[in-house]
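One structure, as structure tokens, below. Some questions next.
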Amino acid sequence: MTRNALPLLFGVAVLLLWQAAVVGFDIPRILLPAPTEIFAALIADPSTLFADLNQTFFHSTLIGLGIGCASGFGAALLVDRSPFLRRGFVPLASLAGALPIVGIAPIAVMWFGFDWPSKAAVVAALTFFPSFVHTVAGLESVGALERDLMVSLAASRGQMLRKLQLPASLPFLFAALKVNSVLALTGAVVAEFFGTPTVGMGFRIATEAARMNIDRVWAMIFVVALCGSGSYAIIALAERRLAYRS
Amino acid sequence: MSDTTVEARGLDLVFGDVAALSEIDLTVARGDFVSLIGPSGCGKTSLLRVVADLAQPTGGTILVNGTTPHAARLARAYGYVFQAPALLPWRTVERNVTLPLEIIGLPKDERRARACQQLESVGLAAFARKFPWQLSGGMQQRASIARALSLQPSLLLMDEPFGALDEITRDGLNLRLLRLWEATNLTVLFVTHSIEEAAFLSSRIVVMSARPGRIVEVIESDLPRGRDLDIRDDASFHALAHRVRTALRAGHSYG
Amino acid sequence: MKESRALPIAVALAILLLLWYAAAVALNWTQANGDLLATMSLAKPLLPAPHQIAVEFWNSTAGQRIDSKRSLIFHAAVTASSMLAGFALGVAIGLLLAILLVHVRVLDRALLPWIVASQTVPILALAPMIVVVFGAAGLTGLVPKAVISAYLSFFPVVIGVAKGLRAPDRLQLDLLHTYDAGRRRVFTVLRWPSAMRFLFPSLKVAIAAATVGAIVAELPTGAESGLGARLLAGSYYGQTLQIWAALAMASLLAASGVGAVVLLERLVIRARGGRL
């Protein structure tokens, strides 16, 4: 417990100091609202909050994340069959992962409309590459001895995959999921900066910022942060239950 | 079936411009315990891999159980024990031993019964539910031997299985392996770089030299069956070890 | 065994290019009234063919004066300046924090969980607010954009370098202890050289993130220059060619950034006899 106490104490101290500074020095609210004001803004309009959450997190983010991870995984399984293709596609995919893919958001709007499907498409494109690269690395991570073992047992390709390669790549799949959960949320929020129906967390942040309602912006950022850390925590928990020690 | 388990004639194996094996003639009779010994790079592991169909010879012929190594592998005629335990870390010890049985599609009850029996024979019955990382290095290697034996093969291929273990653990495992071999009609092909280990275990010792990898001499052991670790203090043991050392020297294996 | 990667990459690229053309034909089919050639020469195609993007890219770079608002080079330079300023700032802060974390125990225990947790927070969502807040404080233009890029690029550096500075094992630290080496000496001869292996991957992530940050930061400002502004303008007017050309330039910018880091890494590797 003492291990958690120190960072907790630090967090509380920052909050208190923040509140005291904003009130004490009378900092303009447009620069920095007090934590209490942010909290008030957070609970002021729950129906809008839930609509935004539903749109951006439960539709754009999660559906896009699902599509991106699954297709990256599938593509990796295909490429794993040919060392030649693997050597060609993996460097390209790693490079693509470093490119500003969110920029396709306006294209996605033209293809899938203003509503959440276009955001989910951006999220899927963003999460595809980490999923692909990590899965390929995982399938390749099997040691030479273990591979020889399966060959000596005359195991079929499917058995090699199911009993050796997939279990061995579990840590890699979780790493991809962790990276992607944050990436997906960012992508869904940012894609809304390029145009959206009048709902969504990214839309809310952009419009409230333009209206100088900084307390509402902070409240929404708090919600986004909660979604991000929440999904990360769930994945980390699942990993601890499923992962093995070596 | 014939009395020969492995029959190699004029076997060559070339990697690029390195001759890993050259003109290997070797006959392993059923029930033999044959050790391959030589300096590193003499091709002893390569020879084992050719027998196991994990490497393809570039010349010569080889028969395993009277068929090609490929057919023998598909028939699961041998069990292979690697330099390292190579246990799958996400499976318990028991489920590591049942892995080969899953691959051939045995029903679950029979898998468990056979695994239980094999773990008993290597003295690991109490550790069936443990994970590999909870076992010592020696115990892990015993588990991997149980895995190799789970298919009840007639031939056991072992590639320096105890090379990474400390000498005390290794002595214990050597004795265990010897008892196991004596109690069954298993044929063992055993790669080692320890003269003492080869002399203690084998019924025949194949001495190899490096660059190119070839057989220098095949030494028949005159030590009795049912020997135990004390035999290593006997004059007969020293004489045998001396013959191996002399053969190694003849193959320019020292320095 | 090191096999050449040039041929597989070329084949993979060719496959992607073919797929792209096929997709372009399929997507533009109705708009081109079923005319195969027309699918690849529409003015506002749903998906432009690769060669159309290349032509547009050429026209808006080589075909324009560099200071023209229609020149992609002009827009790329605007984005690159906030990206590089942000990257430099972010790396400096990241290095400083990492060094502090490794040397001050209390800071490490109090701060690190928050730094790790903050990695799970989509920092880019802050972009509109940072722009507004800085605007209210009288700072516009380069500064807020660079701050957003810096914010994005400092995280990977802190985490990576802190890990690298802790990479030396007990034996190496004990060895220096037997020499009675001080903290500063341990840092210069052991910790910093060990951190190199972790620094470069962090820098690659950081510069890629800085590029995305610089582009996204241009969106809420209603900026008229920069690649992000160019993307936004293209989407307003349905100019798909303009969007794709801007995307190509943005990718080129990010890839050059990563390429520069790789080059630096190669130099360090060469100086160390081929290994990091």
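We just call them A, B and C in the order they show up, numbering each chain from 1.
In this text, contacts are C-beta pairs under 8 Å (C-beta built on N, C-alpha and C of every residue); 3 or more make two chains touch, one makes a residue touch a chain.
Just so it is clear, the structure is predicted and the values come from calculations on it, not from any experiment.
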Self-check item: Closest chain to global C-alpha mean, per-chain Cα centroids
Solution: A
Quiz prompt | Chain of greatest Cα-centre distance to chain C | solution = B
Quiz item: So how far apart, in whole Å, are chain A and chain B when each is placed at the average of its C-alpha atoms?
Solution: 50
Exercise. Between chain A and chain C, tell me the centre distance in angstrom, where each centre is the average of that chain's C-alpha atoms.
Key: 17
Quiz item: Any idea how many Å lie between the Cα centroids of chain B and chain C?
Solution: 53
Quiz item: What residues on chain A touch chain C, complex-wise?
Solution: 3, 6-7, 9-11, 28, 30-32, 84-89, 91-92, 95, 97-100, 102-107, 109-111, 181-182, 185-186, 189-190, 193-195, 201-202, 205-206, 209-210, 212, 214, 217-218, 220-221, 224-225, 228-229, 231-232
Exercise. Can you check the complex and tell me which residues of chain C touch chain A?
Key: 3, 5, 7-13, 16, 46, 106, 109-114, 117, 119-129, 131-133, 136-137, 204-205, 208, 211-212, 215-216, 219-220, 227-228, 231-232, 234-235, 238, 240, 243-244, 246-247, 250-251, 254-255, 258
Quiz item: Along chain B, where are the residues that touch chain A in the complex?
Solution: 52-54, 73-74, 76, 78, 80, 82-84, 86, 88-90, 99-100, 102-103, 131-133, 151
Quiz item: Within the complex, which stretch of chain A touches chain B?
Solution: 143, 145-146, 148-155, 159, 163-164, 167-168, 170, 244-246
